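Alright, structures below, take your time with them.
Two complexes are shown next, each including chain A; its partner changes from chain B in the first to chain C in the second.
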Partner chain A sequence: MNPYVLSILLMGLGLGTTVTFASSHWLLAWMGLEMNTLAILPLMAQHHHPRAVEAATKYFLIQSAAAATILFASSTNAWLSGQWDIQHITHPLPTVMITIALSLKLGLAPLHAWLPEVVQGLDLTTGLVLSTWQKLAPFALLLQISPEIPLLITSLGLISMLAGGWGGLNHTQLRKVLAYSSVAHLGWMMVVMQFSTSLTALALLMYVIMTTSAFLTFKLLKSTDMNSLAMSWAKTPSVTALAPMMLLSLGGLPPLSGFLPKWLIIQELTKQELGLVATVAALSALLSLFFYLRVCYCLTFTSSPNNLAGVAPWRLESKQISLPLATSTSLSILLLPISPAILSLTLPLF
Partner chain B sequence: MHLTTMVLSSSLLTIFSILILPVLGTLNPSPPGSLWATNSVKTAVKVAFFVSLLPLFIFLNEGVEAIMTNWEWMNTLMFNINISFKFDLYSIVFTPVALYVTWSILEFASWYMHDDPNMNRFFKYLLIFLIAMIVLVTANNMFQLFIGWEGVGIMSFLLIGWWFGRADANTAALQAVVYNRVGDIGLILAMAWMAVNLNSWDMQQLFSMTTNQDMTLPLLGLVLAATGKSAQFGLHPWLPSAMEGPTPVSALLHSSTMVVAGIFLLIRLNPLMDNNPLVLSTCLCLGALTTVFTATCALTQNDIKKIIAFSTSSQLGLMMVTIGLNQPQLAFLHICTHAFFKAMLFLCSGSIIHSLNDEQDIRKMGGLHHLLPFTSSCLTIGSLALTGTPFLAGFFSKDAIIEALNTSYLNAWALVLTLVATSFTAVYSLRVVFFVSMGHPRFNPISPINENNLTVMNPIKRLAWGSILAGLLITANISPLKTPLMTMPFVLKMAALTVTIVGLLMALELASLASQQFKIKPASAPHHFSNMLGFYPSVVHRLAPKTNLVLGQLIANQTIDQTWLEKTGPKMTASVNLPLISSTSNLQQGVIKTYFLMFFFTMILAVLILVI
Partner chain C sequence: MTLTHYAFSSSYFMSFLGLIFYRKHLLSALLCLEAMMLILFISLCLWGLILASTVFSAGPMILLAFSACEASAGLALLVAMARTHGTDRLKNLSLLRC
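Up next is the complex of A and B:
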């Protein structure tokens, strides 16, 4: 892509999220969200092949429907309460509508159906942006609203965790697997939102780090489905050794850093006497863990001297900058011992 | 310390050291010579016997009894277990008897087992058994008694399975272990009850603390232990099966010493049972049933050792009856006299078996009183003593028991059964003597019949003297603790002798019919009942294992494999999750209508439920 166009699009992407972060007026927030959508669309369709265009189209339709609903709901709130302040939505109807619209934007179940299709149609870099950057702005809004409807929040969270777990088990395409993993992680974030927004932010932070690492790993290995992962031990043995750690961290296994948000969330839920919710959350983590393990299996357990699981690919020298991959992988594996420090990062947020 | 007590205690401890010394000698890595068995073990037992006469005479002279507590073994704040020996009437009299009998048996065994390559090990096992038995009888607390109890059980297992190449021997040893274990449950129950409720296992404390307590549960446990160890009805089949072991083993363990351990336990703990009519009646009826049942079984057996085994079992039932009559001292007397003549009967049968080239079936013996005069006369002496011929050893104990039974106000049914069993005793004893020593020979002409070896004859001779004199000696020197009833009607006084003579005459009549066809078809039903041991082993030994194995299969196959692992465990997880997985991922087909529909419906649902 033309570097000027690329830089404008990226800056637009950044500006959109920043505007949403900085806004206290609903219209400004909506504007930031729309800027995000519009900026990423060309990025999605840059390869001009039908699958990418289809993904871009679906993404556009969904996001604009969500943004329209946000606009409608904030207008309703303005009509009912006379002000456009983001943090002062009082009436339950706009709250519910905005929450559901933001869930659609994020890809929370039962409004997650678009996410796997869209992520599948993108290349890994754009998919990374979609999974990480695009989640920040809607989450900022959600955290500020802090809807006080426990039933809605908890059910959105639980259904997301379960749908993310069950849905991801039937796929071999890595991008779809990562999409469902994002659904599951969003479920974890939602469940604790009504009790401790800092934990939600922590979960989001950890999720961003781990997903970055995942996408960058798959980009390095140039593999988009599990079969092609089978030859990674020959391409990059060190990545093959560390990637399972990162995937298990996504699965929430101690002593890796992905355990931190899950642990603190379950602790918070237990303190709030929601033992059943905590149990269901922990059990659904098992479902996700299974497909992470399956990816690990394809990565490592098929290494020599087993039979060759895939066709030997072209091993061209990779021009990818290794710093982001190294940093994100290290962070996603090793952060657990300094959990108080990580927690303190998110504590003053809200 | 007083001189007498010191002599008593030190001589009794000397006995222990003398017996333990050969066993410790086997820890030497170099194997002992071929004469170790004779020179070391038998000599040790002989010396121990003579040493044990010293405390016996001191006791007879001065009536001194002693209790020695040697070592505080496991002492906590709450509970004390010490090593403590009790030398009272029972242990002081039993120890010389046991040592005398063991001495004779060991001497006999050096002839009987002389061509066995592992004879040294055999003698070691017998010696360890003897030590365990003496630990049992001299124990002053339940823990030490239990050590001796288990010790004799283990040695019985090892010795019954001596010829372990033979499958029957292995099953017999296993039977012994299993039946003994069932009895051990009772003993452990009693010990646990005492530990919990009385906080002591010392016999003195037990006797003093239980005068007002309801002791039915532990006493029933002790009766169960005696049932197991002394082969009372219900747990009896192991004793005839134990005849698979060599004859010295049968003579020592399963006639004189080990099987009386159960009765000895009840004798020792008799003060606990004094006031409990339930337990006493249980012992009475159980003993009566045992004695008549096993005597019935003995009537049609054809293996000489089995007949003597059943007679042992019958005498054990009689001892249990005596316990039930609350006459422990009479039971003890019968233990001592029974040891002599029963061991002698076994030794005679061992001599006969080896002389006929290991033939044990009485239908293939005969006319041995010409060929083995000494052995067959001792067999006759032993049988007469067993049946209670006046003034032989068995008479003093057996007749006293039957008199006590006749003059008591207890269960008449038990009385009748005991008298019937007494007559059966005469019948099967005569049967043995008739088939073995009378008539014409029915064995191969060339048999290694030999009575010239002193190692065989001397033990049998010694035991014959014991069978004749022991009853007189013991009753003359030990005064009874409970006053026996001296006056009774003439019929009751003569009852034992009468039924014995009636049995003898009937047996003589039947023996004379042995070679004639009296009836066209013999009465097979009673014969089968008796010969198949009342069908007890046939039923129980198939039913119990089958039940347990079926249960095991149910647990392993149906419960674990099919239920826990398949229906409720891993496979259930998989089978439940699979439809959910496929439906969740098949929900979207890539059609955007689905996405919007879900959005729309979620919105409507949420608004309706949460707002309105």
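Up next is the complex of A and C:
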């Protein structure tokens, strides 16, 4: 893409999230969300092949409908209470509508059906931006509104965890697997939101780090398919050794850093007398762990003398800058021992 | 709920249902999206008039500017879809299922 156009689009993406973070008026928050949508559409459709255009069209329709519903709910609240402040939504109907519209924007179940198809149609870099950066602005709005109906938030979270786990089970395309893992992680973030917004922010931060590492790993290995992961031992043995650790961190296994948000969320749920929710959450993590383990299996256990699932690739020198991958993989594996430091940094902030 | 509030709430829901349940063409979905934005514009104008408050007078114009940008992005995607898929029929949007 033309570098001037690319820089304008990336600056638009940054500006949109910044505007939503800094806003206290619903119209300004809506403007930031619209800027994010408009800026990422050319990035999605830049390759002009049918899958990219289809993904961009579906993404556009979903995000515009959700943003219009957010604006309608906030104008309903303005009619009923006379003010447009984000943190002072008084009536329960606009709160519920805004929560549902924001969960459509994020891709929470049961409104998650667009996410796997859209992520599948994109290249890995744009999929990374979609899965990480585009989740920040709606979460900034969700963390500020006080939930009127706790049952809605908890059930959105539980259904997301189960739908993300079960939905990702029978896929071979890596982008769809990552989309369902995103749905499951968003469920974990939602379920604790009414009790501790700082734990939601911590879970979001860990999810961003781990998903960045996953997308950058698959981009380095140039694989979008589980079969093509089988030859990664020939391309970069070090990545083949570390990527299973990163995937198990996504699954939430101790002693990796993905365990930290899950542990604290289950602890908070138990303190709030929601033991059944905590049990269902812990069991649904097993579903996601299964498909992460399947990706690990394709990475590591399919080398000789077993049958190879992939075709031997040309071993060309990779021109990808390796610093983001190295940083995010190290962070997603090694952060658990310094968790008191991380908690002291994040918990007072929210 | 006053009559005005009921009027624009029900018209918004009608257009939203039109967006959700569109049948054949992508263009009808874009039209319903534009109708939703227009209803929101009218509701913002009426809010300032009925509450007799001038502090938010620039709001409808800002909404109109952004909804025009969004409409043009939707039309550009319609043209792109006509180039890649051949039509704007929705049954053709099935490449990403598998």
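Rule of thumb we're sticking to: the second predicted complex is superposed on the first by the 347 of 350 C-alpha atoms of A that agree within 3 Å, B and C clash if a C-alpha of one lies under 4 Å from a C-alpha of the other, contacts with A are read in each partner's own complex, and residues count from 1 in each chain.
Simple rule for what comes next: a residue touches a chain if its C-beta (ideal position, glycine included) is under 8 Å from a C-beta of that chain, and two chains touch if they have at least 3 such contacts.
Just so it is clear, the model here is predicted, and its values are computed rather than measured.
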item: Joint occupancy of chain A by chain B and chain C, clash or fit; value: fit
item: Chain B versus chain C as contact partner of A:L202, first or second or both or neither; value: neither
item: Which superposed partner A:T69 touches (first chain B, second chain C, both, neither); value: both
item: Partner chain(s) touched by A:V96 [first = chain B, second = chain C, both, neither]; value: first
item: Touched partner set for A:I153, first chain B, second chain C, both or neither; value: neither
item: Which superposed partner A:A55 touches (first chain B, second chain C, both, neither); value: second
item: Chain B versus chain C as contact partner of A:M226, first or second or both or neither; value: neither
item: Contacts of A:L247 with chain B and chain C, given as first, second, both or neither; value: neither
item: Following superposition on chain A: angle at chain A, chain B versus chain C, Cα, nearest 10°; value: 140
item: Touching partner for A:L104 - first (chain B), second (chain C), both, neither; value: first
item: Chain B versus chain C as contact partner of A:W84, first or second or both or neither; value: second
item: Chain C versus chain B - closest C-alpha approach in the superposed model, Å; value: 5
item: Intersection of chain A interface sets (partners chain B, chain C); value: 58, 61, 65, 69, 117
item: Interface residues, chain A side, partner chain B - complex; value: 58, 61-62, 65-66, 69, 92-93, 96-97, 99-100, 103-104, 110-111, 113-114, 116-117, 149, 151-152, 163, 166-171, 287
item: Touching residues on chain C, where the partner in the complex is chain A; value: 5, 9, 12, 16, 19-20, 26, 29, 33, 36-37, 40, 43-44, 47, 51, 56, 59, 62-63, 66, 69-70, 73-74, 77, 80-81, 83-85, 93, 95-97
item: Chain A-facing residues of chain B, complex; value: 577, 580-582, 584-588, 590, 592, 594-596, 598-599, 602-603, 606-607, 609-611
item: In the complex with chain C, residue positions of chain A that touch it; value: 27, 30-31, 34, 37-38, 41, 45, 48-51, 53-58, 60-61, 64-65, 68-69, 71-72, 75-76, 78-79, 82, 84, 117-118, 120-121
